[in-house]
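Just so it is clear, A, B, C and D label the chains in written order, and each chain counts residues from 1 on its own.
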Amino acid sequence: MNHPYRVLAIALLLVLVGGVAGFGLKPYPIYLISQWAVYTISAIGLNLTLGYAGQISLAQASFVGIGAYATALLMPHGVPFGVTLVIGAAISFILGVLLGFPALRVQGHYLAFVTLALATIAFLVFRNESWLTNGTSGIDKIVRPFPFTSDLAYLWLCLGSLAIVTLGTWWLLRSPWGRAFLALRENPVRASSLGVDVRMYTLLAFAIGAALGGVSGALFAPLGQYIEPAEFALPLSFSLLLMVVVGGSGSFLGPFLGAMVAVALPEVLRSFQDYYLVIYGVMVILLLVFSPDGLVGLIERAVRRRPVAAPAEPAK
Amino acid sequence: MSVVLEARDLHRHFGGVKAVNGVSFQVEEGEILGVIGPNGSGKSTLFNCLLGQIPPSMGQVFLDGKDVTGMKPIALSRRGVSRTFQLLQVFPQLSARENLILAGQEHIGSRMKRLFGKPDAGLTGAADRMLEQFKLSHVAALPAGGLSYGQQKLLDAAMAFMAGPRLVLLDEPAGGVNLSLLGSFRERLRAMNAEGGSTFVVIEHNMDFVMSLCTRVMCIAEGKVIANGKPEDVRNDPTVIEAYLGH
Amino acid sequence: MATDPNSPVLVMDGVVGGYGRMTILNGLSFSVARATITTIIGPNGAGKSTAFKAIFGLLNLRGGRILLEGKDVTGHSPAALIGQGVCYVPQGRNIFPELTVHDNLELGGVALGTTAAMRSRVEEALDRFPILRQKARAQASTLSGGQQKLLEIARGLIARPSLMLIDEPSIGLSPLMVKDVFATLQKLRDQGVSILMVEQNARSALEISDNGIVLETGRTRLVGTAKSILNDPRIAKLFLGAEVDLDEPAPV
Amino acid sequence: MMSLLVQVLISGLAIGAIYALIAAGFSLLSQGSQTVNFAQGDFVVLPAFVILAANSYGLPIWAGFVIALVVAALVLGVLFKRLMVDPILPHGAMQLSIATMALSIVLQNSMLNVGGAQAFPFPGINGGIHWGNVFIDWQSVTILLTAVAAVTALNLFMGRTRLGRAIQASAQGPQVARLLGINVTRMVLITFVLNAALVTLAALLISPIYLVKFDNGIGIGLAAFSAAIIGGFNQVRGAVVGGLLLGVVQNFAATFGPTQYRDAVPMLLLIIFILFRPQGLLGRAEERRV
């Protein structure tokens, strides 16, 4: 975080460009930009958990699902969108705290497996509890909240939400909390010797990341106006994780770029039809081989050709 | 003078190995106690028992007269105990200044204040003063991982003082620090002790460093205290020499 | 092999090396005489263990030569050195915990590639160390610390080395077990194996040694018979960090 | 009732034995080179497609199996190690795991595009015998016997041959193994090839039951991870115990419990074991280093 204001400005500029571009675009591109905004919010949440606090989670898709179902199920009962969004985020926050408890016991691959198992169970619940979720038939005709009913207006709602999330995350990461999350990732033993409450911050890292997944889900449901359980299964968790890694895990702009690649690539590779996921996967692997810090790392290295050397000690 | 730290008959066994085998001592306010002893004599295990990293098998630890035996590192940190580790433990991706802010931030204000208050928790000034004192001002904004080994070692030690601790336990502070830096480092630690009013316990292998820094030296061998007194006396103690050369 | 019994087994000639940018060995020179125990002592950070790594081809050297039986072996791989009769018993625990004692021993000969001869050598080793024979079929992790050290030594001997490098064998062992390990080393010496040892436990190591080498900051500071080093009053001070001028003759 | 129990037990053991094969390979990789392979399930499906493809060209199943073995050894063994594991592992074990998730996407979608989305039937063994009122199908028996033979062979190879011991030594202490002159790099490569052979055999055994579908790997992979962890992540014997246990429990749960939560059983076992007995049934608690 060398230039805290610069990354914020770039992120907000991206959001603004998306909003302005909406004026001249057809519904499908508008839909794609909205999708980008929604995925970015979710990836920002996962980046907080994984990239900053160093805790792997394969359950982010489940929180997107919770947010989506909360909105899809409550809005027909007259609950305003703003409230359903908060409810989805709150449920995700609480479940996120619970998800954090395994992380206090196990780390690394074991944590990956626990979160993967929980995500699988969450998917089974979405699929099987038809009395609540309507099962595999899904829920359709989800209405968009007034006055964001047109595609363009809904795009602005998504981008506006992304802008708020961006500002909030930026503030969080610059605060002592952000520093504590990094400490957690880099050296929990040393951190706790400095008085950092590793337990509390681990749970918070999961909870805040999950809550952002919930927010993203709340926006997701009215965007396509139809949801079904399979959308929130493991592939989405993998996909969100890859967005974070492709963009650059632990960098502020990473999720923005990662989600952009994930949304744009199928369109760019349209002529390759179904092979785009194969190409995407190969690209991710190549990126991990050549630039483990993702696209942001790649760009940074291109911009700053020479690393800044540490000045020598002053002459005595 | 009041007793800051007291160990009473500490034991720690690993299987059949008695790493710490009945250690008792007191540290008075303002003292710099050096702990020496050959490799494998139990110094590190003793430190870990004092600092709540591992619970002692037997015995008690008192901080300002209160029993803190087995208390977790974070709880001890809240009570003003800070430490450094034998191996370098700075946060490489944070700048030197951020490392120091991190070391102090959890000791002031509430958690919510930390989220909504100033991003630096109001510690930039204190961190910069610390950097100046440890002659690190010129590298304040650089990632700690990019500093030289000696600079990182200084930063590591400086972090231990950010919270204004009552008791500081330093585990091999001079290890790997080159000779030219050592003298000023020692003077810095002395000054921190004199001005900050904190009490030190130092494990160290570099004998010159221990002898010239500490007000008192304790030698441990095979898990027991075999000498305790003025640096010169301990250095010339035949049992200490014996311990270093083996049986 | 017709080797001159008076020629040294190993010669270190001005070896310079270290890790990354840090130089640990600053032109280290010494030699090891045939069928002797030579112990290297010195304060922490003197470069004792690094010297072993240099000999065993685990360090990139920036200068100097290493001669084994008069042949230049600088930069040879561990496998090649094992083939030329060097074995290395590093510090700490180096057994394969989930393999049996027997299988651990057998792996000592893996670099030599001959299967048939190995069985009898393992048997020989088990004969030499009855405690290992008792536990031959047990997982190596069930051995005590001292027994594990003996297993490592026995494993090293499978390749029939002429030179054994052994690093801090006494660490973590009870005094009784240390005696056992040292007695084993003496027996090996009497059978013609040259032993180069690094030991923190200087006094008891020197007591069973023929020669001693004192290292300080990556250089040889003092070489002599074990007895002369043992009786040199300056050594104690060197360990305790006092200024010692080893270039001056010892006070009488 | 009794007859049903025996049938469920036998088919559970059969499935479990296949899980054991896949889990053993998974453990070998994680032990030998810190490779936690999230694409292990897809590694099973790929050879199944190869066998089917060979079969569609008129080759018998055994010939298809041999071809699949060669392809797997090359692609899932050598190339996987050289092109992915070797360059990514230095960046961190977690980076590598994430890369295997990407590999899983690549494999699944490649198979989808080449083979299609339908489930392909795979030739199996029909018939069985009635023993009292218990019906024992040949298929389960064959699977069980073959898988047990394979695992026994693997165990003998690892424990009784010099090469096997050298592989174990390289996994338990690569530094020391190098000091003894063991070519650790080669041992690790052999581990990858062994894994390829195990998944190919598993493909042959499991495909008649689950059919061949491009996304079968997800479920198979989850079961294999669970089996490996339940048994004790780092041991081949653990994989066997974990696999058999999981197969039986899963089969009983599917028969007597709510069908739609059948897939939750391995997941619940996985969570319980990781949180309360992370070393698994047979593993030893690892010493924790501060």
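Criterion: a contact is a pair of C-beta atoms (placed from the backbone, for glycine too) under 8 Å apart; a residue touches a chain by one contact, two chains touch by 3 or more.
Remember, predicted model here, so these are calculated numbers, not experimental data.
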item: Minimum number of chain-to-chain touching steps separating chain B from chain C; value: 1
item: Between A-D and A-B, the pair joined by more C-beta contacts; value: A-D
item: Distance-maximising chain from chain B - centres being C-alpha averages; value: D
item: Separation of mean Cα positions, chain B and chain A [Å, integer]; value: 41
item: Between chain D and chain A, distance of the C-alpha-averaged centres to the nearest whole Å; value: 32
item: Distance from chain D to chain C - Cα centre to Cα centre, in angstrom; value: 44
item: Between chain C and chain A, distance of the C-alpha-averaged centres to the nearest whole Å; value: 56
item: Chain A residues counted as touching two or more neighbouring chains; value: 189
item: Contacts with 2+ other chains: residues of chain D; value: 290
item: Residues of chain C touching at least two other chains; value: none
item: Residues of chain B that touch chain A when the two form their complex; value: 51, 72-74, 77-78, 82-83, 85, 89, 91-94, 98, 101-103, 105-107, 111, 114-117, 119-121, 135, 138-139, 142, 146-148, 151, 159, 162-163
item: Chain C to chain D touching residues, read off their complex; value: 56, 77-79, 82-83, 88, 90, 94-99, 103, 106-108, 110-111, 115, 141, 155
item: Interface residues, chain D side, partner chain A - complex; value: 30, 36, 84, 87-88, 91-99, 101-106, 109-110, 112-113, 218, 222, 225-226, 229, 258, 260-261, 263-264, 267-268, 270-271, 274-275, 278, 290
item: For the chain A and chain D complex, residues of the former touching the latter; value: 56, 102, 105-106, 108-110, 112-114, 116-118, 120-121, 124, 127-128, 189, 234-235, 238, 241-242, 245, 274-275, 277-278, 280-282, 284-285, 288-289, 292
item: Residue ranges of chain B in contact with chain C within the complex; value: 17, 38-40, 205-211, 235, 240-242, 244-247
